[in-house]
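Below is the structure I would like to discuss, written out as structure tokens.
All chains are identified by letter, namely A, B and C, in their written order; residue positions are counted from 1 within each chain.
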Amino acid sequence: MKRATLAVVILLALFALPMVASGYILYLANLLMVFVVLSLGLNILIGETGQFGLAHAAFYGIGIYTAVLLNNATGAPVLVTLLAGASLAALIGLVLGAISLRMRDIYLALSTFAFGEAVRWVFASWTPVTGGPNGLRINPSNLFGFKLVTDRDAYLLVLVVTLAFLLLTIQITRSRLGSAFRAVRESEIAAAAMGVNVRGVKIAAFALSAFYAGAAGGLFTTFSSFIHPESLGFMTTIMVLTMIVVGGLGSVVGAVGGALILGLFSELLRQLLSFQEIIYGAILMLCMMYAPRGLMGLLERKQAGR
Amino acid sequence: MTWELFLLFFQQSLMSGLVTGSIYALLALAMVMIFNTTDVPNFGQGEIFMVASYIALVLLVFASVPYLVMIPLTLAAVFFGGAIFQRLVLKRVALARGASVNLVIATLGLSYFLKGVMRQTGIAEVPRSFPALFPTDSVSIGMATATVQDFAILGLALAAMAAFFLFFHFTRTGRAMRAVGMNPRAAILVGVDIERMRWLVWGLSSAIAALAGILISPKLLMTADMGIVVILGFAAAIVGGFTSLPGAVVGGFVIGIVENMVGLFVSSKAIVVAPFLAIMLVLLLRPQGLLGGKATAKKV
Amino acid sequence: MNAPASLLAIENLTVRFGGLVAVDHVSFEVKPGSIHALIGPNGAGKTTVFNCISRFYQPATGALRFGEHDLLTKPRHRLAELGVARTFQNLELFGELSVFENVLIGTHSQARRTGWLDLFRAGNRPGEHRDRIEHALEQTGIADVRHVKARALDFGRQKMLELARALAVRPTLLLLDEPAAGLRNREIDALDAMLVKLCRTDGLTIVLVEHVMQLVMSISDWVTVLNFGTKIAEGTPAAVQANEQVIDAYLGREQADV
């Protein structure tokens, strides 16, 4: 099994990385893994279920602020803060999913976009709690009594949680729930006739996707020392959308690949907002023009051509 | 709040709301036109509006082109820009995979691409102000005050809307555009060249956004992020039902007046979030818009 | 308690779209194990009746009973679980998914029966569902294209896939909306044999809306004729074919003459 061997080699390399890598590389690795969890989550909603929700950055932010506030106030174990952030995000995602049931396609895109911007406004304006436009300091997280101060400290935790989410995603994709997601994407009418509870499945996709985003936010707090509402706007949603579009909507491998490639881009171009915007914009347009199924689609086509 | 103050606020927000509302109405009109003919909510419209304003600024201030030349030049440039985007990008996207979500993603791409390019040119590096096209002397009507410029904005926007109304009702091309919006298949059957209509509509809609930009820019601080104003155009279009041109116009004025009332009666901080809440509320309570018809059930 | 004589009973069904009455006080019963055809000229309301039975439309008045269940109290996605499956006139396949996964989704309602945890288990593992899927693929003759995307199939096979997906539901009542439309003669003959076998051997009850009279008359046990939203006749194929009103409806003679 070539694939299994490859997976084992990659896993070993990932776990061995802290022995050889510098602090900056580990920071980059942590950040990329957060992007992976974010794009896996958005892929469930947009790629698998076909629900064009554009509030991902808001759920990411809810995960971050919940984890930070809990951590700063109580010093609760990191897994608790992470789970709390993810659960609150999922709960709000559930409500958003439920109230958005009547909308589809562009109306859904517009209302979730508006929701995302409203939540960002809350982050920026609720100064007593979120620090408002000044941002908020993040105290080191607490893992079984250890303080996670550096990127190196947090790396293994981030890696294990990311891998857990990857496995969960693969399992969901292969499960009957995954089939139900795709059925709703392809034809709501036929899905209902086959016994799929279309409303329930849509709400589940919203909640699950928000859970991932919230957990990604929790992971972010384990290696970062500061959060600013500026970084939780629509641009972040667009970045994650670009990741899954580049990888290929509806493909787990694509979502991971897209997150890694574009995550590197965005970090390298961090100081150059204009370049980031030009590149994301051009990629979104070019992908839709020439590779609507992203890199995975191109790969499939190449294989089929041989 | 005293009755006096209430009256003052009320009249003032009505006055200011009509002025900004006329701009939102233009933006909503442009949005609905594109949605009707190509099935896309144009997420790039804000940046078309922004780039158009900068083109106008560059022509006026850096190239010292007179007003009466600057305006047609800007409109023409943006018209062709919009038309070219439709021909070059959207047509290709529709061929690759016709789903409307793909088209939306492409317009999101356009939005960020334009924003980045404008930042890269350096013109948008510092916030700038656009020279006033009309005198800014105050005029009082009842208890409200406005400037000559405000009246000029309102007047020109209304004139543009009237022109569009005439165009849509009394010219062959305008009627064909409406026909495509109402029923594309039937329009093709009666011999409308739908491809031509699509790029024409994109050009025209972009030019309307440009006109809105030229009119309102003197009242705004210009930055690469000024396209966010178009969110109010979105809100206006949604209030109007997203497919109705008259609805878009009414929606524009409703949003303009409500925005100003929120600013005066609630708080200026709430203005920022109000359009988003308005969009969500309208979509939630009446997905077909306040003025739209009954929602139709999908045929199985 | 006596077993009811009918599996499906439709009583005084009326459907309005705005001011238009699409179906007007229609009643009929379907006997268990029979093939029951619903025919009539275009716009007679046949598909509308179908969409009421499968709960896509809400009738203005009337009652729908399936076995001991009152269908009007059930949401549409519960019907599969009760044993009602349907196909669609204009094909509603899951286009980007493989033939296998299309049929797999047909077994979704059985996952519900076995509990929520089953939702998280892989769909293609061996077991009862797997057997059911294979059986449906074999019955409809599309087992050889199981890995092909539904979108890529030819029209005849897409129709068979619709049927296979409905069979995977393990229905007791199968609603077929124009199963023969667009098929070639040879394919219609095969369909003919398949439906008869499903009914006689597997004990399914089939209600079909159909324009292809060759199919209707050769396999149906009972025919209900609709015209302008009302029932104008019912009976055995032979009786219906001889009915004056039916002939008038199909030839388009003025109703006022009757």
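As a convention for this text, a contact is a pair of C-beta atoms (placed from the backbone, for glycine too) under 8 Å apart; a residue touches a chain by one contact, two chains touch by 3 or more.
Note that the structure is predicted; figures quoted are calculated from it, not measured.
The most distant chain from subunit A, with centres taken as the mean of CA atoms, is C. When every chain is represented by the mean of its C-alpha atoms, the one lying closest to the mean of all protein C-alpha atoms is A.
In whole angstrom, the spacing between the mean C-alpha positions of subunit A and subunit B is 32.
The geometric centre of subunit A is 42 Å away from that of subunit C, both derived from CA atoms.
In whole angstrom, the spacing between the mean C-alpha positions of subunit B and subunit C is 49.
Annotation for subunit B: residues touching 2 or more other chains are 300. Shown for subunit C are the residues that touch two or more other chains, namely 56, 88, 92. Annotation for subunit A: residues 189 touch two or more other chains. If you check the complex, the residues on subunit B that touch subunit A are 35, 40-41, 89, 92-93, 96-97, 100-106, 108-117, 119-120, 231, 234, 238, 242, 269, 272-273, 275-277, 279-280, 283-284, 287, 298, 300. Across the complex, subunit A meets subunit B through its residues 50, 52, 99, 102-103, 105-107, 109-111, 114-115, 117-118, 121, 125, 189, 235, 238, 241, 245, 273-293.
Listed in rising order, the residues of subunit A touching subunit C in the complex are 171-172, 174-180, 182-183, 185-187, 189-198, 250.
Interface residues of subunit C facing subunit A in the complex, by the touch rule stated above, are 54, 56, 75-81, 85-86, 88, 92-97, 101, 104-106, 108-109, 111-112, 118-124, 165, 169.
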